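Each structure below appears as structure tokens.
Consider the two complexes below, in which subunit A is the common component and subunit B and subunit C are the respective partners.
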Partner chain A sequence: MSTLTLLAPGDEFKPPGLELFDAAPIISGVAWFTKPVLLALLSSVIVIGFCWSAFGNPKLVPRGVQNVGEMGYMFVRDQVARPFLGKDADRWMGLLLSMFFLVWVWNLMGVIPVLQFPVASHIAFPIVLALSVYVLKIYLGVKHQGVIGYFKNMMFPPGLPKPIYVLLAPIELLSNMIIAPFTHAVRLFANMFAGHIILAFFSLVGFWFLFEKLTPLGAPLGVVGVVMTIAMTGFEMFIQFLQAFLFAMLAAMYIGNSLHADH
Partner chain B sequence: MPAMSEKKIRPEDDGRDFANAAWSIPSYLLSGMILYGGAGWLLSEWTGVVAFTPIGLILGVALSVYLVYRKYGR
Partner chain C sequence: MIQAASLLAAEEGANPLIPHTYELVVGGFAFFFVLFVVGKILTPRIQKTLVERTDAIEGGIKRAEDAQAEAQALLKQYKDQLSEARHEASRLREDAREQGAQIKVELREEAQAEARRLVEAAHLQIEADRQQAFAQLRTELGRLSIELAGRIVGESLEDEARQRRTVDRFLEELESSNAAVR
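Here is the complex of A and B:
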């Protein structure tokens, strides 16, 4: 901080902070309608539109959008659904595919010029998805294993010495019922939140030292900022894809574990 | 309990087990630490013996690691 202050005499360089995530209502008086809400709606429209044009009128020999859509479908089916759901994979493809595409588009909003806001960096959005998966997971578990069977299979994995269950069953319960859905939402949120701050920080460094306060000493720092912004944008796009994949994958994992008890 | 060599290994189950384990570990570790670390902290508060908190934390981690090992490690 002190070096930055030395390089920019007069006004102090202020790194971006939480104010990045304060969203004012777009229409005054409608408090809930903010930029992330607008982007979330836009994302839904994009995903619906994409799926419609890709799968609405399928041809035997796929061309254009259908080709791209089928690549996405194959990826989700082979990497997300089948490893965890096996023969049940096809039944759950609708949910998993929509979830993967939606989260990915949410995340991509963070690097699309002008929009530049990852929807999932407001934790409410991942919480809604994670909560839906959580409810679905418990419903399926109870449906397929029975209330007692579900909790018994969850808390008492077979093959452990009897006395140790007293110590391990609470860990299983806490892990499956509270920590797992919590980390499901937080993992996506935290990645998008941190990524947005990093991008904002480096682009502000570039802007500040090259445009706002151009000094001979500061200019190289500004160049570093610009280069890092470009590099980090690329890295961020990788993370955005990865987190969308992980979110859908964990959903598939929870569903799979509810359909069939571990071992 | 069948031995390692007798266990039927289907490729899709193998992948599922591995990913299950990999993604369950953080949540098990957290749960163990919160549960037994929390219990240890409560004991420290009541008895005034500060050592209970770290003992609880370490016990929690050890139990979680043991659980993951027994569930997925064999």
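Here is the complex of A and C:
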């Protein structure tokens, strides 16, 4: 809403930009209590509430919410945990399930009417998760392979001709220690960020040309904007799920690689 | 985009790649709160339930298999008993038939022997009777003949020896003629 009022005075159509992501404090004076903060906390409550009603008192024969929860659990276990962790999958299900559900709900906030803000489009949130996984990954790697073993397995995977290592070792180090955690966080952030801009853009096109400045020439464009908003919302929901899945999957992959050097 | 960029430049801290400190704190809190409740408390519960369910299903399958195996064994036992009973019955029937035949043969032989015995006894009896009748008749005939002859001749034949010789001669003639007739 703030964007529209911001843009309304001008006569010319202005596409929404970074101001979309400026969050003013909800209660004036409490600078940190902004919309993404509220939604992040709300998401935690939703995830915990859902999981508690699904898994709080699980029955041998599942009923209602437990069925839905188990679908989520099975998905994370069979598609995320087991392919990368094998027999260790069950030990890490708690982390992966929490991460998957939380990221998904954070993302879903982008299409829930009225709320309409993907939490992960503020990079701080993906950074917290990616950083946690990063610390855990290094801790597990050192614990299971030793300090030297961990870096040796990372930088010098056996079975390659010697000269290759001159090139490979620094690349692997850079990739694992710096690029991997960075992309882990940025991938999620950028997808949500771009998705939010796209949705805002098409809905603004619809609103501008059908309500703000209704003209015979502009009206069809407004209709296109509305149709595209609907289509892109559907697409965005797919991306939201996909990114949550990918985020948990990468976490599982990093953990798996630290538990046992698989080269 | 130029406007957006200038807007970005104008505003302090609007670079989307720079995280807000308070959001890092809140994000961390949100994540670890969820991790604690969902990961530490709830996930073990559902895992336990899933293991129990697997056990229950496997146990059920195992029980069903056991019951089926037992039923099969029982069926086999019944079939065996049935065929055994059939064999027994046919064996008994065979025995009975053999015994019956044997009994029939024995009875027939016994009856034949009895019949033979009866016939023989009758023969002997008849022979004895005949002999007795013959002997009796012989003496009677002798006496009657002598008496008749005495009456005819008118005198008593006193000489016993002559009498007997005469009679014997007569009877021998009679017997020989009899034998010739036979």
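Just so it is clear, the second predicted complex is superposed on the first by the 253 of 263 C-alpha atoms of A that agree within 3 Å, B and C clash if a C-alpha of one lies under 4 Å from a C-alpha of the other, contacts with A are read in each partner's own complex, and residues count from 1 in each chain.
Methods note: contacts are C-beta pairs under 8 Å (C-beta built on N, C-alpha and C of every residue); 3 or more make two chains touch, one makes a residue touch a chain.
All values derive from a computational prediction rather than experimental measurement.
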After the alignment on subunit A, I want to confirm one thing: do subunit B and subunit C clash, or do they fit together? fit
Could you let me know whether more residues of subunit A are touched by subunit B or by subunit C? C
First (subunit B), second (subunit C), both or neither: which does A:Phe235 touch? neither
Is A:Ala31 in contact with subunit B, with subunit C, with both, or with neither (first, second, both, neither)? second
Specify the angle subtended at the CA centre of subunit A by the CA centres of subunit B and subunit C, expressed in degrees to the nearest 10. 90
With both complexes superposed on chain A, which partner does A:Arg82 reach: first (subunit B), second (subunit C), both or neither? first
Under the stated touch criterion, which partner chain does A:Phe207 make contact with: subunit B (first), subunit C (second), both, or neither? neither
Pick out the closest CA atoms of subunit B and subunit C after fitting on chain A and give their distance in Å. 18
Which residues of subunit A touch subunit B once you look at their complex with the stated criterion? 82-84, 86, 157, 159-160, 164, 167-168, 170-172, 174-176, 178-180, 183, 249-250, 253, 256-257, 262
Quick one: which bits of subunit A touch subunit C in the complex? Just the residue numbers, please. 14-15, 17-19, 21-22, 31-32, 36-37, 40-41, 43-44, 47-48, 51-52, 54-60, 69-70, 73, 90, 93-95, 97-99, 101-102, 121-125, 127-129, 132, 186, 189, 193
Residue ranges of subunit C in contact with subunit A within the complex: 1, 3-4, 7-8, 11, 14, 16-31, 33-35, 37-40, 42-50, 52-53, 56
Quick one: which bits of subunit B touch subunit A in the complex? Just the residue numbers, please. 1, 12, 15-16, 19-20, 23-24, 26-28, 30-32, 34-35, 60, 63-64, 66-67, 70-71
